[in-house]
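One structure below.
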Amino acid sequence: MLAMSIQVKFFASLREMLGMDSTQIEARANITIREIWDQVTSRDYPVNTLCAINMDYAKPDDVVNDGDEVAFFPPVTGG
Amino acid sequence: MLAMSIQVKFFASLREMLGMDSTQIEARANITIREIWDQVTSRDYPVNTLCAINMDYAKPDDVVNDGDEVAFFPPVTGG
Amino acid sequence: MPAYLYEQALDPLKELAQYQNQHLCPGSYGACTNFIGTMRDFNAGTDVQLMTLEHYPEMTQKFLDRLCKEATDKWELVDCLVIHRFGDIKPGDPIVLTAAWSAHREDAFSACRYLIEELKARAPFWKKETTGHKERWVHDAPSS
Amino acid sequence: MPAYLYEQALDPLKELAQYQNQHLCPGSYGACTNFIGTMRDFNAGTDVQLMTLEHYPEMTQKFLDRLCKEATDKWELVDCLVIHRFGDIKPGDPIVLTAAWSAHREDAFSACRYLIEELKARAPFWKKETTGHKERWVHDAPSS
(Lines give C-alpha, C1' and ligand atoms only; values in the text may rest on other atoms or scores of the structure.)
Protein backbone atom coordinates (compact mmCIF):
# COMPACT_ATOMS: atom_id res chain seq x y z
CA MET A 1 0.00 0.00 0.00
CA LEU A 2 1.40 3.37 -1.01
CA ALA A 3 1.99 5.92 1.75
CA MET A 4 0.00 9.17 1.50
CA SER A 5 1.40 12.63 2.07
CA ILE A 6 -0.69 14.71 4.49
CA GLN A 7 -0.19 18.28 5.70
CA VAL A 8 -1.20 18.63 9.38
CA LYS A 9 -1.84 21.98 11.08
CA PHE A 10 -2.54 23.02 14.67
CA PHE A 11 -3.99 26.32 15.87
CA ALA A 12 -4.24 28.45 19.00
CA SER A 13 -4.02 26.60 22.34
CA LEU A 14 -3.43 23.25 20.58
CA ARG A 15 -0.54 24.76 18.64
CA GLU A 16 1.01 26.03 21.89
CA MET A 17 0.33 22.82 23.83
CA LEU A 18 2.04 20.70 21.16
CA GLY A 19 4.73 23.26 20.31
CA MET A 20 3.99 22.67 16.63
CA ASP A 21 2.03 24.65 14.07
CA SER A 22 2.43 22.48 10.99
CA THR A 23 3.96 19.18 9.90
CA GLN A 24 4.07 17.10 6.75
CA ILE A 25 3.53 13.37 7.41
CA GLU A 26 3.37 10.12 5.54
CA ALA A 27 0.32 8.05 6.45
CA ARG A 28 -1.26 4.76 5.41
CA ALA A 29 -4.29 4.76 3.12
CA ASN A 30 -7.75 5.04 4.73
CA ILE A 31 -6.35 6.71 7.81
CA THR A 32 -8.87 8.80 9.81
CA ILE A 33 -8.40 12.23 11.29
CA ARG A 34 -8.26 10.85 14.82
CA GLU A 35 -5.59 8.31 13.76
CA ILE A 36 -3.55 11.14 12.29
CA TRP A 37 -3.74 12.90 15.67
CA ASP A 38 -2.45 9.72 17.34
CA GLN A 39 0.33 9.35 14.81
CA VAL A 40 1.56 12.94 15.19
CA THR A 41 1.08 13.59 18.92
CA SER A 42 1.67 11.58 22.08
CA ARG A 43 -1.50 12.93 23.72
CA ASP A 44 -5.13 11.89 23.95
CA TYR A 45 -7.41 13.65 21.49
CA PRO A 46 -8.70 16.58 23.58
CA VAL A 47 -12.41 16.84 24.22
CA ASN A 48 -14.04 19.63 22.12
CA THR A 49 -11.21 19.71 19.61
CA LEU A 50 -12.45 20.65 16.15
CA CYS A 51 -10.95 19.38 12.92
CA ALA A 52 -11.03 20.17 9.22
CA ILE A 53 -10.02 18.52 5.96
CA ASN A 54 -9.02 20.92 3.18
CA MET A 55 -10.48 23.93 5.01
CA ASP A 56 -13.89 22.36 5.60
CA TYR A 57 -15.12 21.18 8.98
CA ALA A 58 -14.82 17.40 9.32
CA LYS A 59 -15.39 14.68 11.95
CA PRO A 60 -12.63 12.73 13.76
CA ASP A 61 -13.72 9.50 12.05
CA ASP A 62 -13.59 10.97 8.54
CA VAL A 63 -11.06 9.32 6.22
CA VAL A 64 -8.23 11.41 4.77
CA ASN A 65 -6.96 11.26 1.20
CA ASP A 66 -3.50 11.71 -0.28
CA GLY A 67 -2.53 15.38 -0.47
CA ASP A 68 -5.15 16.53 2.01
CA GLU A 69 -4.56 19.26 4.55
CA VAL A 70 -5.83 18.29 8.02
CA ALA A 71 -6.23 20.86 10.80
CA PHE A 72 -6.91 20.61 14.53
CA PHE A 73 -8.09 23.54 16.63
CA PRO A 74 -10.00 24.45 19.81
CA PRO A 75 -13.54 25.92 19.83
CA VAL A 76 -13.55 29.20 17.92
CA THR A 77 -13.86 32.62 19.58
CA GLY A 78 -14.07 35.16 16.77
CA GLY A 79 -16.46 38.05 16.29
CA MET B 1 -70.57 76.58 32.21
CA LEU B 2 -67.39 78.28 30.98
CA ALA B 3 -66.33 77.55 27.42
CA MET B 4 -62.91 75.93 26.97
CA SER B 5 -60.32 76.98 24.44
CA ILE B 6 -58.95 74.07 22.38
CA GLN B 7 -56.31 74.04 19.65
CA VAL B 8 -57.22 71.50 16.91
CA LYS B 9 -54.73 70.23 14.31
CA PHE B 10 -55.07 68.00 11.25
CA PHE B 11 -52.28 66.24 9.40
CA ALA B 12 -51.53 64.65 6.03
CA SER B 13 -54.54 63.37 4.05
CA LEU B 14 -56.97 64.62 6.71
CA ARG B 15 -55.48 68.11 6.48
CA GLU B 16 -55.90 68.05 2.70
CA MET B 17 -59.40 66.56 2.80
CA LEU B 18 -60.61 69.23 5.21
CA GLY B 19 -58.51 72.04 3.72
CA MET B 20 -57.50 73.02 7.24
CA ASP B 21 -54.31 72.41 9.22
CA SER B 22 -55.14 74.11 12.49
CA THR B 23 -57.98 75.90 14.22
CA GLN B 24 -58.67 77.37 17.64
CA ILE B 25 -62.15 76.54 18.94
CA GLU B 26 -64.33 77.18 21.96
CA ALA B 27 -65.90 74.04 23.34
CA ARG B 28 -68.12 73.01 26.24
CA ALA B 29 -66.61 71.30 29.29
CA ASN B 30 -66.29 67.49 29.22
CA ILE B 31 -66.25 67.40 25.45
CA THR B 32 -64.65 64.29 23.92
CA ILE B 33 -62.22 64.12 21.01
CA ARG B 34 -64.89 62.66 18.73
CA GLU B 35 -67.29 65.48 19.64
CA ILE B 36 -64.59 68.01 18.79
CA TRP B 37 -64.30 66.37 15.35
CA ASP B 38 -68.07 66.73 14.90
CA GLN B 39 -67.99 70.35 16.02
CA VAL B 40 -65.16 71.33 13.65
CA THR B 41 -65.93 69.27 10.54
CA SER B 42 -69.09 68.36 8.62
CA ARG B 43 -67.86 64.83 7.96
CA ASP B 44 -68.15 61.44 9.67
CA TYR B 45 -65.14 60.50 11.78
CA PRO B 46 -63.06 58.48 9.31
CA VAL B 47 -62.30 54.86 10.13
CA ASN B 48 -58.67 54.38 11.23
CA THR B 49 -58.19 58.01 12.12
CA LEU B 50 -55.75 58.44 14.98
CA CYS B 51 -55.90 61.20 17.56
CA ALA B 52 -53.74 62.78 20.24
CA ILE B 53 -54.15 65.10 23.20
CA ASN B 54 -51.14 67.27 24.00
CA MET B 55 -48.85 65.19 21.76
CA ASP B 56 -49.80 61.85 23.33
CA TYR B 57 -51.91 59.23 21.60
CA ALA B 58 -55.51 59.30 22.86
CA LYS B 59 -58.85 57.56 22.17
CA PRO B 60 -61.86 59.23 20.48
CA ASP B 61 -63.88 58.96 23.70
CA ASP B 62 -61.23 60.65 25.83
CA VAL B 63 -62.33 63.92 27.42
CA VAL B 64 -60.48 67.12 26.58
CA ASN B 65 -59.47 69.85 29.05
CA ASP B 66 -59.22 73.60 28.68
CA GLY B 67 -56.07 74.63 26.84
CA ASP B 68 -55.44 71.17 25.36
CA GLU B 69 -54.10 70.63 21.87
CA VAL B 70 -56.04 67.96 19.99
CA ALA B 71 -54.75 66.40 16.77
CA PHE B 72 -56.27 64.13 14.12
CA PHE B 73 -54.22 62.17 11.61
CA PRO B 74 -54.25 59.08 9.39
CA PRO B 75 -52.21 55.92 10.10
CA VAL B 76 -48.51 56.78 10.22
CA THR B 77 -46.03 55.82 7.50
CA GLY B 78 -42.61 56.93 8.71
CA GLY B 79 -39.34 55.07 8.79
CA MET C 1 -29.88 58.56 23.87
CA PRO C 2 -31.04 61.47 21.72
CA ALA C 3 -33.50 61.63 18.84
CA TYR C 4 -33.02 64.20 16.09
CA LEU C 5 -35.30 65.43 13.30
CA TYR C 6 -33.49 66.68 10.19
CA GLU C 7 -34.87 68.74 7.36
CA GLN C 8 -31.45 68.79 5.67
CA ALA C 9 -29.87 65.79 3.95
CA LEU C 10 -28.86 62.99 6.30
CA ASP C 11 -25.57 61.07 6.01
CA PRO C 12 -26.22 58.28 8.54
CA LEU C 13 -22.74 56.77 8.59
CA LYS C 14 -21.15 60.19 9.10
CA GLU C 15 -23.65 61.00 11.87
CA LEU C 16 -22.93 57.66 13.53
CA ALA C 17 -19.18 58.25 13.42
CA GLN C 18 -19.54 61.78 14.81
CA TYR C 19 -21.90 60.71 17.56
CA GLN C 20 -19.63 57.85 18.56
CA ASN C 21 -16.56 60.08 18.63
CA GLN C 22 -18.27 62.72 20.73
CA HIS C 23 -20.39 60.67 23.11
CA LEU C 24 -19.08 57.14 23.44
CA CYS C 25 -15.91 55.98 25.10
CA PRO C 26 -13.94 53.46 22.99
CA GLY C 27 -13.80 50.16 24.82
CA SER C 28 -17.01 50.86 26.76
CA TYR C 29 -19.20 48.90 24.33
CA GLY C 30 -18.71 45.61 22.53
CA ALA C 31 -21.61 45.81 20.10
CA CYS C 32 -23.24 48.42 17.90
CA THR C 33 -26.21 47.50 15.74
CA ASN C 34 -27.66 50.07 13.42
CA PHE C 35 -30.39 50.28 10.84
CA ILE C 36 -30.56 52.73 7.96
CA GLY C 37 -33.78 53.14 6.00
CA THR C 38 -33.40 54.65 2.54
CA MET C 39 -35.92 55.85 -0.02
CA ARG C 40 -36.10 53.38 -2.88
CA ASP C 41 -36.72 54.54 -6.44
CA PHE C 42 -39.37 51.90 -6.88
CA ASN C 43 -42.42 51.37 -4.68
CA ALA C 44 -45.54 49.25 -5.21
CA GLY C 45 -44.92 48.88 -8.95
CA THR C 46 -44.24 52.52 -9.82
CA ASP C 47 -41.20 54.75 -10.20
CA VAL C 48 -41.20 57.32 -7.45
CA GLN C 49 -39.56 60.67 -8.22
CA LEU C 50 -40.03 62.52 -4.96
CA MET C 51 -41.40 61.95 -1.52
CA THR C 52 -42.53 64.49 1.03
CA LEU C 53 -42.43 63.49 4.66
CA GLU C 54 -44.89 65.38 6.82
CA HIS C 55 -44.66 65.18 10.59
CA TYR C 56 -46.18 66.69 13.73
CA PRO C 57 -43.02 68.36 15.03
CA GLU C 58 -43.64 68.54 18.78
CA MET C 59 -45.37 65.16 19.02
CA THR C 60 -42.83 63.43 16.77
CA GLN C 61 -39.94 64.72 18.88
CA LYS C 62 -41.72 63.75 22.11
CA PHE C 63 -42.53 60.30 20.73
CA LEU C 64 -38.94 59.62 19.62
CA ASP C 65 -37.44 60.92 22.88
CA ARG C 66 -39.70 58.59 24.82
CA LEU C 67 -38.91 55.70 22.48
CA CYS C 68 -35.17 56.07 23.14
CA LYS C 69 -35.88 56.16 26.87
CA GLU C 70 -37.99 53.00 26.60
CA ALA C 71 -35.27 51.15 24.69
CA THR C 72 -32.73 52.12 27.35
CA ASP C 73 -35.09 50.87 30.06
CA LYS C 74 -35.85 47.58 28.32
CA TRP C 75 -32.28 46.58 27.39
CA GLU C 76 -28.79 47.04 28.82
CA LEU C 77 -27.58 49.78 26.52
CA VAL C 78 -24.56 52.04 26.66
CA ASP C 79 -26.44 54.45 24.38
CA CYS C 80 -28.86 54.69 21.49
CA LEU C 81 -29.54 57.18 18.70
CA VAL C 82 -32.43 57.92 16.34
CA ILE C 83 -32.34 60.38 13.45
CA HIS C 84 -35.27 60.87 11.03
CA ARG C 85 -35.68 63.10 8.00
CA PHE C 86 -38.71 65.21 7.17
CA GLY C 87 -39.58 67.41 4.19
CA ASP C 88 -38.63 66.64 0.59
CA ILE C 89 -36.79 63.40 0.01
CA LYS C 90 -35.34 62.03 -3.24
CA PRO C 91 -34.82 58.39 -4.23
CA GLY C 92 -31.60 57.10 -2.69
CA ASP C 93 -31.79 59.53 0.24
CA PRO C 94 -31.47 58.02 3.71
CA ILE C 95 -34.65 58.58 5.74
CA VAL C 96 -33.97 57.08 9.14
CA LEU C 97 -31.17 55.82 11.35
CA THR C 98 -31.63 53.78 14.52
CA ALA C 99 -28.56 52.68 16.46
CA ALA C 100 -27.93 50.91 19.76
CA TRP C 101 -24.64 50.39 21.59
CA SER C 102 -24.31 47.69 24.23
CA ALA C 103 -21.82 45.38 25.92
CA HIS C 104 -23.24 42.39 24.05
CA ARG C 105 -24.89 41.93 20.68
CA GLU C 106 -28.20 40.49 21.90
CA ASP C 107 -29.18 43.80 23.52
CA ALA C 108 -27.85 45.88 20.63
CA PHE C 109 -29.83 43.91 18.02
CA SER C 110 -33.03 43.80 20.07
CA ALA C 111 -32.95 47.51 20.88
CA CYS C 112 -32.10 48.59 17.33
CA ARG C 113 -34.96 46.48 16.00
CA TYR C 114 -37.36 47.78 18.64
CA LEU C 115 -36.50 51.39 17.79
CA ILE C 116 -37.29 51.01 14.09
CA GLU C 117 -40.38 48.82 14.59
CA GLU C 118 -41.98 51.19 17.11
CA LEU C 119 -41.00 54.21 15.04
CA LYS C 120 -42.64 52.75 11.94
CA ALA C 121 -45.74 51.62 13.82
CA ARG C 122 -46.41 54.76 15.83
CA ALA C 123 -44.19 57.80 15.18
CA PRO C 124 -46.24 60.60 13.56
CA PHE C 125 -44.80 60.78 10.04
CA TRP C 126 -46.73 60.63 6.77
CA LYS C 127 -45.28 59.95 3.34
CA LYS C 128 -46.61 61.45 0.15
CA GLU C 129 -45.10 60.16 -3.08
CA THR C 130 -44.89 61.89 -6.45
CA THR C 131 -44.90 59.53 -9.43
CA GLY C 132 -45.17 61.07 -12.89
CA HIS C 133 -47.59 63.97 -12.42
CA LYS C 134 -49.51 62.32 -9.61
CA GLU C 135 -49.20 62.63 -5.87
CA ARG C 136 -50.46 60.00 -3.46
CA TRP C 137 -50.36 59.45 0.26
CA VAL C 138 -48.63 56.20 1.13
CA HIS C 139 -50.99 53.90 3.02
CA ASP C 140 -48.47 51.51 4.43
CA ALA C 141 -44.73 51.90 4.74
CA PRO C 142 -43.05 49.47 2.37
CA SER C 143 -40.00 51.63 1.71
CA SER C 144 -37.78 49.82 4.13
CA MET D 1 -21.15 39.94 -1.12
CA PRO D 2 -17.46 39.91 -0.23
CA ALA D 3 -15.68 38.96 2.98
CA TYR D 4 -12.39 40.62 3.89
CA LEU D 5 -9.74 39.82 6.47
CA TYR D 6 -7.77 42.84 7.72
CA GLU D 7 -4.52 42.86 9.63
CA GLN D 8 -4.52 46.69 9.65
CA ALA D 9 -6.86 48.82 11.74
CA LEU D 10 -10.52 48.66 10.69
CA ASP D 11 -12.80 51.71 10.49
CA PRO D 12 -16.14 49.97 9.94
CA LEU D 13 -18.25 53.05 9.19
CA LYS D 14 -15.71 54.30 6.65
CA GLU D 15 -15.54 50.86 5.04
CA LEU D 16 -19.33 50.71 4.89
CA ALA D 17 -19.53 54.14 3.25
CA GLN D 18 -16.85 53.25 0.71
CA TYR D 19 -18.38 49.91 -0.12
CA GLN D 20 -21.81 51.46 -0.54
CA ASN D 21 -20.48 54.21 -2.80
CA GLN D 22 -18.58 51.79 -4.98
CA HIS D 23 -20.91 48.80 -5.17
CA LEU D 24 -24.48 49.80 -4.40
CA CYS D 25 -26.82 51.87 -6.46
CA PRO D 26 -28.66 54.54 -4.41
CA GLY D 27 -32.36 53.81 -4.50
CA SER D 28 -31.83 50.07 -5.11
CA TYR D 29 -32.19 49.16 -1.43
CA GLY D 30 -34.52 50.38 1.30
CA ALA D 31 -32.82 48.85 4.30
CA CYS D 32 -29.27 48.39 5.58
CA THR D 33 -28.64 46.66 8.89
CA ASN D 34 -25.13 46.42 10.17
CA PHE D 35 -23.38 45.12 13.23
CA ILE D 36 -20.02 46.26 14.56
CA GLY D 37 -18.23 44.23 17.22
CA THR D 38 -15.59 46.13 19.19
CA MET D 39 -13.00 45.01 21.71
CA ARG D 40 -14.05 46.10 25.18
CA ASP D 41 -11.47 47.13 27.77
CA PHE D 42 -13.09 44.90 30.35
CA ASN D 43 -13.82 41.19 29.99
CA ALA D 44 -14.86 38.61 32.58
CA GLY D 45 -13.87 40.81 35.48
CA THR D 46 -10.41 41.86 34.33
CA ASP D 47 -8.88 44.77 32.47
CA VAL D 48 -7.66 43.58 29.10
CA GLN D 49 -4.68 45.41 27.61
CA LEU D 50 -4.22 43.60 24.33
CA MET D 51 -5.80 40.82 22.34
CA THR D 52 -4.28 38.72 19.60
CA LEU D 53 -6.64 37.19 17.08
CA GLU D 54 -5.27 34.06 15.46
CA HIS D 55 -6.96 32.61 12.39
CA TYR D 56 -6.53 29.89 9.78
CA PRO D 57 -6.20 32.16 6.78
CA GLU D 58 -7.37 29.97 3.90
CA MET D 59 -10.14 28.26 5.88
CA THR D 60 -11.33 31.51 7.47
CA GLN D 61 -11.60 33.19 4.07
CA LYS D 62 -13.38 30.16 2.59
CA PHE D 63 -15.76 30.01 5.54
CA LEU D 64 -16.67 33.69 5.35
CA ASP D 65 -17.08 33.63 1.56
CA ARG D 66 -19.48 30.70 1.90
CA LEU D 67 -21.30 32.41 4.77
CA CYS D 68 -22.01 35.48 2.61
CA LYS D 69 -23.24 33.20 -0.17
CA GLU D 70 -25.54 31.38 2.27
CA ALA D 71 -27.02 34.64 3.57
CA THR D 72 -27.71 35.76 0.00
CA ASP D 73 -29.40 32.42 -0.72
CA LYS D 74 -31.52 32.47 2.44
CA TRP D 75 -32.79 36.09 2.24
CA GLU D 76 -33.64 38.57 -0.49
CA LEU D 77 -30.53 40.71 -0.30
CA VAL D 78 -29.19 43.38 -2.59
CA ASP D 79 -25.75 42.75 -1.08
CA CYS D 80 -23.90 41.85 2.10
CA LEU D 81 -20.44 42.51 3.51
CA VAL D 82 -18.26 40.96 6.21
CA ILE D 83 -14.93 42.35 7.44
CA HIS D 84 -12.94 40.80 10.29
CA ARG D 85 -9.67 41.79 11.92
CA PHE D 86 -6.84 39.47 12.83
CA GLY D 87 -3.52 40.02 14.60
CA ASP D 88 -2.99 42.45 17.48
CA ILE D 89 -6.05 44.32 18.68
CA LYS D 90 -6.32 47.01 21.35
CA PRO D 91 -9.30 47.88 23.57
CA GLY D 92 -11.70 50.09 21.62
CA ASP D 93 -10.63 48.65 18.26
CA PRO D 94 -13.42 47.39 16.00
CA ILE D 95 -13.06 43.65 15.35
CA VAL D 96 -15.87 42.74 13.01
CA LEU D 97 -18.44 44.28 10.68
CA THR D 98 -21.41 42.43 9.21
CA ALA D 99 -23.80 44.31 6.93
CA ALA D 100 -26.82 43.40 4.80
CA TRP D 101 -28.68 45.53 2.26
CA SER D 102 -32.18 44.62 1.19
CA ALA D 103 -35.42 46.09 -0.13
CA HIS D 104 -37.08 45.58 3.25
CA ARG D 105 -35.84 45.59 6.82
CA GLU D 106 -36.91 42.07 7.76
CA ASP D 107 -34.40 40.52 5.37
CA ALA D 108 -31.68 43.02 6.29
CA PHE D 109 -32.03 42.36 10.04
CA SER D 110 -32.25 38.58 9.68
CA ALA D 111 -29.27 38.34 7.35
CA CYS D 112 -27.09 40.70 9.42
CA ARG D 113 -27.86 38.69 12.53
CA TYR D 114 -27.24 35.38 10.76
CA LEU D 115 -23.84 36.57 9.53
CA ILE D 116 -22.58 37.51 12.99
CA GLU D 117 -24.10 34.48 14.76
CA GLU D 118 -22.63 31.97 12.30
CA LEU D 119 -19.32 33.80 12.26
CA LYS D 120 -19.07 33.66 16.05
CA ALA D 121 -20.18 30.03 16.23
CA ARG D 122 -18.01 28.61 13.47
CA ALA D 123 -15.50 30.91 11.80
CA PRO D 124 -11.93 29.82 12.66
CA PHE D 125 -10.68 32.66 14.86
CA TRP D 126 -9.13 32.38 18.31
CA LYS D 127 -8.71 35.18 20.81
CA LYS D 128 -5.82 35.42 23.24
CA GLU D 129 -6.02 38.17 25.84
CA THR D 130 -3.19 39.86 27.70
CA THR D 131 -4.11 41.15 31.16
CA GLY D 132 -1.34 42.45 33.38
CA HIS D 133 1.57 40.11 32.67
CA LYS D 134 -0.63 37.13 31.85
CA GLU D 135 -1.90 35.75 28.58
CA ARG D 136 -4.93 33.53 28.32
CA TRP D 137 -6.90 31.96 25.50
CA VAL D 138 -10.50 33.09 25.57
CA HIS D 139 -12.83 30.13 26.00
CA ASP D 140 -16.04 31.74 24.97
CA ALA D 141 -16.56 35.00 23.09
CA PRO D 142 -18.17 37.50 25.43
CA SER D 143 -16.61 40.59 23.84
CA SER D 144 -19.65 41.46 21.77
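In this document, chain identifiers A, B, C and D correspond to the written order of the chains, with residue numbering beginning at 1 in each.
Assume a residue touches a chain if its C-beta (ideal position, glycine included) is under 8 Å from a C-beta of that chain, and two chains touch if they have at least 3 such contacts.
Given the structure is predicted, the values throughout are model-derived calculations rather than measurements.
Here the spacing of chain B and chain D, counted between their Cα centres, is 49 Å. Note on chain placement: the centre of chain B and the centre of chain C lie 27 Å apart, centres being C-alpha means. For the pair chain C and chain D, the distance between mean C-alpha positions equals 23 Å.
The set of chain C residues that touch two or more partner chains comprises 37, 116, 143-144. Shared interface positions of chain A, defined as residues touching 2 or more other chains, are absent. Taken as a graph of touching chains, this assembly forms an open line, each chain in contact only with its neighbours along the path. You'll find the chains touch as A-D, B-C, C-D.
Across the complex, chain D meets chain C through its residues 13-14, 16-17, 20, 26-42, 91-93, 103-105, 108-109, 112-113, 116, 142-144.
Across the complex, chain A meets chain D through its residues 9, 11-13, 52, 55-57, 71, 73-79.
Interface residues of chain D facing chain A in the complex, by the touch rule stated above, are 37, 53-56, 58-59, 62-63, 84, 95-96, 116, 119-128, 137-141, 143-144.
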